[in-house]
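The structures come next, written out as structure tokens.
Same chain, two partners: chain A is paired with chain B first, then with chain C.
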Partner chain A sequence: RSSDAGPAKFKPPSKPVIVDKQRQTAERRFLSPEFIPPRGRTNPLKFSVERKDMIQRRKVLSIPEFYVGHILAVTTADPYANGKTSRFVGICIRRGGKGLGATFVLRNVIEDQGVEICFELYNPRIQEIQVLKLEKRLDDNLMYLRDALPEYSTFDVNMKPQSYLDHEEVPVNKLQVRMKPKPWSKRWERPNYNIKGIKFELPEEKMKEAQKWSKPWLEFDMLREYDTSKIEEKIWKEVNEELKK
Partner chain B sequence: MMPIWTKSGKKHAVTLLKVQDCHVLKYISKEDSGGKSPALIVGGKNGSPFSRSEAEMKIFREAGVPRKQKVTTFNVTEDAIIKPGTPLYAAHFRPGQVVDVTAKTIGKGFQGVMKRWGFKGQPATHGQTKTHRRPGAISTNKASKVYRGKKMPGQMGNVYRTSFGLKVWRINTKHDIIYVNGSVPGHKNCLVKVKDTKLPTYKDCNKNPPFPTYFADGDEKLPEDLYDEEMFQFTDPSVTYA
Partner chain C sequence: SVTGACSAIQKMTRVRVVDNSALGNTPYHRPPKCIHVYNKSGVGKVGDTILLAIKGEKKKALIVGQKMPGPTMTPKFDSNNVVLIEDNGNPTGTRIKTPIPYLLRQKESKFSKVLAIARNFV
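Up next is the complex of A and B:
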């Protein structure tokens, strides 16, 4: 009788790969940029003392995670306003400063007048910071919105906060902004600003002339390197532990 | 330097000063110094003993203290004399007191008249031959001499200067840090002398200080942070105008 080569070896079915999306995306760490100490000869004790104060303030007022390009609503205590609070809605143009003096600039166009207000993150007069729309832009610095057409900086003052899931990635808006005719406040076409979010409608010769000011050696300059990954991890752990208490 | 907010919402800038290993080194009586009041020599911040001569090291050895980098004299009243060898802490000062801070300013080297004294110089164009940052005339015809103290180029900085009337906002007893209003002469991490004010307007502010000084092994147990009454502490809720 014909002999098979024994019974076919039992092949177990492939194990199902469980992708836990919650745990994966919870690994996304965001450390607010004002926690990272700048390069310098200051005593690290100063930064740790300052960080304690910042964490104390964060326990009282919850400062959400936000980047440049988000649309925020900030309520501050104002002694000269009705109801003693004033609310301002705008797009975050830039975040500056380190430590307790960290600031962010919100821009909006109200009744055809462009308004920019610079708020301090740790100012005790701020009652609430609300994120209305989550949206990262292509650049870190949106100062060119001053020379762009006003429609790109107008936002509804009574905008409802957009609901967003906690563990999704922050969406990047690849909007190319159209500008008013030149002259601009700064020469945004030059490579030292490194702007990717403008739709340049300039002739080709002007774009080539702007490339004359490019400094291709800057990215290879070793003295300018400041590797913050290890510092960031330490600080992130410290901040998270303190906030949980 | 750091920002600080008051309970009414105003912002002030503040300098952090660290009190690092301060010890009283020697007591000089009124007759020895020949001055009006006895003096105490205080030293701060430990350093290596090898770069100083034996005569200077004698003071440190008698006090039983490692070699200090900064040594200063304070004129003290008779009842405020402290035994040499006692350590001094930041809790010697209290929030609300007013203080003078002396330090060596940042050295800028040999500087010209425009940077050192703020002269306007000369225009860049319109026919100026080799004259853009020069002082111009140094005296008149009638004087026929140059007065003493005429502002001229020379060494700028690296000189002891004092800022007066600085309020103390906060004291951290754990790390020995004093938060002093405004800016202070000197570069980052430089050595500084902190003294009670000599200004007459703040005479009332310096009442009831820890006298003669704050003793760590004494009965007084201070909390980790001492705040001024007007200062906003970050544990409080946000400031509102009712």
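Up next is the complex of A and C:
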């Protein structure tokens, strides 16, 4: 009589995989770059004392996580403004300075006039920092926006803050910016600036000539190496513990 | 002695007139240039009066924006902006569209009329 090739082996149903989204949020770590002490022979006591002050200030004013390329709205206390507060909206071009003197430059074009303001993160005059749009760009330094067409630096002053989820990665905008005709304030085509966010419409000979100034040995230079991963971990733990108190 | 780098607005800097006066907006084959800064040092910052040479005439003006970066938390503009002014401090034009820094309100007594015609503040 017809029979199957033995009884079929019992296959248990596959177990459901539970993805706990709340646990994944803790995995994304962001340490503001001004916490990382620069390489040098200064006494680490100075940095730890500065960090205490920075954390004190952060408890009062919530400084959000932001990178170069984000669009921020900053309200500062101004004795000469009506209503005593002034609000500025702009794209972050650059973040500089370490410790309490950390600064960031916001740029915007208002009424065909480009305006840049360098704000200090820990200045007591700052009352609120709001992130309007989350967007990383291809470069760390967007100073070339000064030589780009003004449309790339114009942002609506009454822009509404974009809502974003906490655990998602920061989106990278791979925009290639078009420039005004040369001369520029700096020769952005040269490899020492390492800019990837410009659409160079220069002839090929100029691009090849610019490559003459490339220094391919720089990335292998061991004396310039500064590994901050361990320092970052320590500071991250310290900052988080203090902030939770 | 060697003088350091002299920036902001000084003699022979080309400026951009920002109000809607006739002198500032009619085209001329030479750009308006600064010929004197009313200051102890010859360098003019925001809020200083300067003497301009426009269309073959001498005219006083007030600096409202400079390309050189100033103290932190103050705005830095992409062009050296200037507002034409009479000898008594009255502005020549009737409207200023470009943004003006709030700093100028410090000298409210001297420039109240200029601040009154300004539209945007930064």
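FYI, the second predicted complex is superposed on the first by the 231 of 245 C-alpha atoms of A that agree within 3 Å, B and C clash if a C-alpha of one lies under 4 Å from a C-alpha of the other, contacts with A are read in each partner's own complex, and residues count from 1 in each chain.
The definition used in the following text is that contacts are C-beta pairs under 8 Å (C-beta built on N, C-alpha and C of every residue); 3 or more make two chains touch, one makes a residue touch a chain.
Treat the numbers as computed from the prediction; the structure is a model and nothing was measured.
With the C-alpha superposition on chain A as described, chain C and chain B fit side by side in the combined arrangement. In the superposition on chain A, A:Asp78 makes contact with both chain B and chain C.
Of the two partners chain B and chain C, more residues of chain A are touched by B. Rounded to the nearest 10, the angle at the Cα centre of chain A between the centres of chain B and chain C is 70 degrees. In the superposition on chain A, A:Thr103 makes contact with chain C only, while chain B stays out of contact range. Touch criterion met: A:Asp53 reaches chain B, while chain C stays clear of it.
When both complexes are overlaid on chain A, the residue A:Ser86 reaches chain C alone and has no touch with chain B. By the touch criterion defined above, A:Phe119 reaches chain C but does not reach chain B. Of the two partner chains, chain C is the only one touched by A:Arg146; chain B is not.
By the touch criterion stated above, A:Glu111 is placed in contact with chain C alone, chain B being left untouched.
With both structures placed on the common chain, the touch criterion links A:Leu61 to chain B but leaves chain C unconnected.
No C-alpha atom of chain B lies closer than 6 Å to any C-alpha atom of chain C in the overlay. Shared interface residues of chain A (contacting chain B in one complex, chain C in the other): 78, 120, 123, 125. Contact residues on chain A toward chain C in their complex (touch as defined above): 76, 78, 80-81, 86, 88, 103, 110-120, 123, 125, 146.
Contact residues on chain B toward chain A in their complex (touch as defined above): 2-3, 5, 9, 11, 16, 18, 172, 175, 177, 188-189, 232, 234-242. Every residue of chain A that touches chain B in the complex is listed here, in rising order: 40-43, 45-46, 49-50, 53, 56-57, 60-61, 77-79, 84, 99-101, 120, 122-127. The residues of chain C lying in touch with chain A in their complex are 65, 69, 72-79, 81, 97-99, 102-106, 120-122.
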